[in-house]
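Down below is the structure, laid out as structure tokens.
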Amino acid sequence: MYSFANDYSEGACPEVMDALIRDNNTQCPGYGLDQYCALTARKIRKIVEDSSVDVHLLSAGTPCNVVAISLLRSHEAVISVESGHINVHETGAVEATGHKIIAVKGENGKITPEEIEQVVAAHPDEHMVKPKMVFISNATEFGTIYQKEELKKIYETCQRLGLYLYLDGARLSNALVAIGNDLSLKDICAYTDMFYLGGTKNGAYAGEIFIIRNDELKPDFRYYEKQHCAMLAKGRFLGTQMLALLENNVYLSNARNANIMAQALAYIFKQLDFRMYIESPTNQIFPIIENRLLEKIQNKYVVTIWGPYDENHTIVRFVCSWATKKTTIQEFYSDLVTFLNMPK
Amino acid sequence: MYSFANDYSEGACPEVMDALIRDNNTQCPGYGLDQYCALTARKIRKIVEDSSVDVHLLSAGTPCNVVAISLLRSHEAVISVESGHINVHETGAVEATGHKIIAVKGENGKITPEEIEQVVAAHPDEHMVKPKMVFISNATEFGTIYQKEELKKIYETCQRLGLYLYLDGARLSNALVAIGNDLSLKDICAYTDMFYLGGTKNGAYAGEIFIIRNDELKPDFRYYEKQHCAMLAKGRFLGTQMLALLENNVYLSNARNANIMAQALAYIFKQLDFRMYIESPTNQIFPIIENRLLEKIQNKYVVTIWGPYDENHTIVRFVCSWATKKTTIQEFYSDLVTFLNMPK
Amino acid sequence: MYSFANDYSEGACPEVMDALIRDNNTQCPGYGLDQYCALTARKIRKIVEDSSVDVHLLSAGTPCNVVAISLLRSHEAVISVESGHINVHETGAVEATGHKIIAVKGENGKITPEEIEQVVAAHPDEHMVKPKMVFISNATEFGTIYQKEELKKIYETCQRLGLYLYLDGARLSNALVAIGNDLSLKDICAYTDMFYLGGTKNGAYAGEIFIIRNDELKPDFRYYEKQHCAMLAKGRFLGTQMLALLENNVYLSNARNANIMAQALAYIFKQLDFRMYIESPTNQIFPIIENRLLEKIQNKYVVTIWGPYDENHTIVRFVCSWATKKTTIQEFYSDLVTFLNMPK
Amino acid sequence: MYSFANDYSEGACPEVMDALIRDNNTQCPGYGLDQYCALTARKIRKIVEDSSVDVHLLSAGTPCNVVAISLLRSHEAVISVESGHINVHETGAVEATGHKIIAVKGENGKITPEEIEQVVAAHPDEHMVKPKMVFISNATEFGTIYQKEELKKIYETCQRLGLYLYLDGARLSNALVAIGNDLSLKDICAYTDMFYLGGTKNGAYAGEIFIIRNDELKPDFRYYEKQHCAMLAKGRFLGTQMLALLENNVYLSNARNANIMAQALAYIFKQLDFRMYIESPTNQIFPIIENRLLEKIQNKYVVTIWGPYDENHTIVRFVCSWATKKTTIQEFYSDLVTFLNMPK
């Protein structure tokens, strides 16, 4: 069985593994105050061309989101699209910190400035929560990406309405190297108040780089990290890995492999006349598959069932990662052709 | 500079590192549903001689404590000694989940059955929180350990009063191999409702093994894990490490090295007529050091300042780990003698 | 200016006032353990024909909802229609206790069994919250009411799916005496796990009667009340009022007056060819009013703007109460006719 | 049976009752935006001689404390004496909002500047909560009062350390009219950041006046009120009562009666050679009573058992209120003498 179920099926990429071996035997201060975390911060400041940003390394994606939103005061709420990770897939972790998520429809997983304005207009007084933050993901849960003009307009809307803009970058590297992307990490930093650049789904065992540009959000951040279980005692473990991903742009090459392999899969499906549920330029694709064929695929491949499409078809998610090999894609193609030709 | 500041200054022990390299390239299901986590669970059930326990691998110690206490209902409280990690060193993470910690004095970092009874007696009605769990650590924050008879009595007190007993085992291995210990992991399991066996401070990069014996506490545990940021997407990373620690009793030999090195340090201090703030048989020792001498030590060694002893003396914590070498202890002895002979 | 803005503009109804004067000078135990609260409980048990229910008197409606939902464990969530009071008008009080509200569309302010089933089906694992309670209001935020058959089916759906059914009865009396209603208080009790019968919007200064039928939800309820600010030291004040409302069915006659007056207003609007945004048989009505006319009305009457209908029309809410007088309705009719005939 | 158990056994004082009857039939905006609340605010600003303070009327004392402390950010903690109401008698309501209470010993129920300094010194980094508010009560839980010089020093300590000072004034009126008091309401306002003046224990059915002087704490206060169940829909009910207490200084004469009656009780006990557990100049006194005598007293009087004094004696609390009559005290004296002369 080969798994296309997600991009965290494998361990760490070779560069991360080598760095872990290399740095293992030194002594370091704990809890992220080590030299590797400091070097990662320095590197990030260079990439985003902003020496004033705060950089923290957190253990995983959900902690990033929880910590970010816990910076709000207790009556303040966060706006997200319905499909947002915080709204669906984090077991109410945000609400567990006391904050309401105001969900809007969105388009292809992306929020619009109009939706943000409508939410603010619909929350005029103290009988309702006070919208104070907008949560977006890039790439989104559907693998779609924001264009620079879109992000800029959302940021300007937030600025005008007194909202913080926070970007969940679990798959940000995949967005950055996607065909059609016009955003750089520098842009992401300039058009958000804070965001994170994901390591786990890129090529690390664990670890995400959290970047804060807005000065209001910087004080006492480490208290929130600690309180919400986002710190590791051996923070060096995160530092070594994140540094390895940033060096020689490994994070971009890892993402590029994931995207290319997924797009190759998409190409295969389209060549064979499959419809796609949504057009995604990153490392997740969503073909619509006839149920009997799906069964055959599932005998050899692990995939994620996204939901029913109609009575006879299912929306299926295929995800590729730094580890996906060209030969695997080729083998899948052969298998798919075989399955299609098999008598039903 | 050499650091005796804590037991998480180094990376992973060789056995863990080797296992990570060995398992890195397989594919696994995410979030702790992989083969390595399953094997760890099987191994634990064997060691504690109880095939019914639930076993979960969590990312760090604070998440373990947070998840354990979040199993309570909102009006229920946890009893801890004042020096308890949850009461002092977790940035209010427990209160952040809505639960009060009722702190009692304790003796040498350990709680007594009498204190538990007094707390319950002092909380008779609905104007007060309802005590429902007792939190203990073994080894404690002072490096002391519980005797079997002590633990048994605490457990029986809890049983009688309808309280859960939860044991924080961040340094449980150090307790198990301490001179004077009469508890086995099987005993720990039998005389608590749930506990964790720490990996981070033993020899892993990160990871703790959480074991639940009481059936009432088992349902939906993974929801709590996820909600409170205790899960990693690549849960395999925890599985591989914990398995490596359990195999060939590496967790015990790691702890034994830490204890022996720390006790060697204690021996040195005592030979040189230093007083100890507390007698600890594990990997943390607490000599009382004259302030001017401390300055000299701190020029070459990183230590933890535990607090002032009197005007001229300080309580200092030295901690050893799996990585502490005999030669380092010998060098420290030479240095200490030199410092003592230097003109003040 | 006369206010149709809501049903809490006036003070207490005469029967409540008389009872307060009568009972004022006795001594009582505090916090709801007094004789008036006890008599209220006895009365309720008689009305619902169930001597096993627990009865508590709480200070207000939001505390009722907060306490009810705080009975859940931290990963459990409540299902509500989007327009639900807890989802819109309680400043995130439910989320502030850590629980997610899963919002569904609903029909005319009412939830359907199908929606409940869909939510449960869409929350299969520990990466999502666990739906555990259904929240409904009767009358709803739109003044609509549940039929016995509807409530029964919802309750059966909840039973089948292991969900608690909780009914917010801020305006339950208005539902019970509405034309077309076929539910009794006994039915409400039988087809929910717990509910409250509202006093504030009926004729009291403050106070709601909280009734629990499901044994699982009874233990430690007073702890939750106290923790979530739902108790008054002089609980007697709630007891006296609630008892006064129950005696001689004052709660029903108060609600009947409110409904009749509101329906008279509806009749007037319809006679004058206004459209209603929604058909409501209780004490809230929602005429669609041309904006220039609305301005004239607002010079003499306070109303609630529910939202824009189209460019030139607004949905307006008129609410009547125990205190609304027939002469006021008549005067409003005259005014309305005058406004309509005035040159624009 | 006559109750000395507390100061909330009776209903409302005559002036409050008369005002309720007088104001009952007008129409008012809801949720504290009415004329009576506005007049109360105006009156308070005059009394404290500060026209800039914000004034809010809340439903009860626990909600005041919960709302005040919920203004903190999630990692910030409040310092209180161990006997503080928030630490013992509010069912963990403060922790339920996520905040830790750091408890210190105190002296006679009062906190000292030294204790505040020690707490701040002991919380130096992000592994611990960040002390940000000091909670005091005046009168304290032991009925003792702060002197002007004490309060001033505490306030200056808070200012220097960047802490807010919040005063729980459930029995503030009793403190203000106590023999030996040198604080005015103006002083209280000047030497705290916010405080409340209690109505429930003074002579109202329910209601407390919350006063905020520090501008940082003013924004969005009503959101916190609503979220934490401190608002009533018929906020007018609080306005009318608080206004009645302020007019003609009824709050002071109510408190004066309560104090005088309690001090008369204290005089009686002392004349009969009873020891007092603590010297309190307000409306609570704490005689030490021999257990067999206590039984006799309890056959005719309800009192609060404060705790055991020794094997044969109990600390008992007697509380007087606006309603306590001179004849009741006289009768108690006769009874006490009789009980003392009865053969044991």
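For clarity, chains are labelled A, B, C and D in written order, and residue numbers in each chain start from 1.
Keep in mind that, in the parts below, a contact is a pair of C-beta atoms (placed from the backbone, for glycine too) under 8 Å apart; a residue touches a chain by one contact, two chains touch by 3 or more.
Please read all numbers here as calculations on a predicted model, not as lab measurements.
Colleague: Need the graph distance between subunit A and subunit C over the touch network, please.
Modeller: The distance in steps between these two chains is 1.
Colleague: Based on mean C-alpha positions, I'd like to know which chain lies farthest from subunit D.
Modeller: A
Colleague: Between subunit A and subunit B, what is the separation of their C-alpha centroids in Å?
Modeller: Those two chain centres are 33 Å apart.
Colleague: What is the distance in Å between the mean C-alpha positions of subunit B and subunit C?
Modeller: Distance between chain centres: 51 Å.
Colleague: Averaged over CA atoms, how far is the centre of subunit B from the centre of subunit D? Could you give it in whole Å?
Modeller: Each chain's C-alpha centroid was found; their separation is 42 Å.
Colleague: Using the touch rule from the top of the page, what residues of subunit C touch 2 or more other chains?
Modeller: As it turns out, subunit C has residues touching two or more other chains at 74-75, 90-92, 96-98, 126-127, 129, 223, 226-227.
Colleague: Report the topology of the inter-chain touch graph, choosing from line, ring, star, complete and other.
Modeller: Chain contacts: complete, every pair touches.
Colleague: Any idea which subunit B residues touch subunit A in the complex?
Modeller: Answer in residue numbers: 2-3, 5-6, 8-12, 17, 20-21, 23-30, 59-63, 66, 90-93, 96-97, 200-201, 205-206, 223, 226-234, 236-237, 323.
Colleague: Which of the residues in subunit B end up touching subunit D in this complex?
Modeller: 74-75, 77, 88-92, 95-101, 103, 126-129
Colleague: Inside the complex, what are the residues of subunit A that reach subunit D?
Modeller: 31, 70-71, 73-75, 97-98, 126-127, 129-130, 220, 222-227
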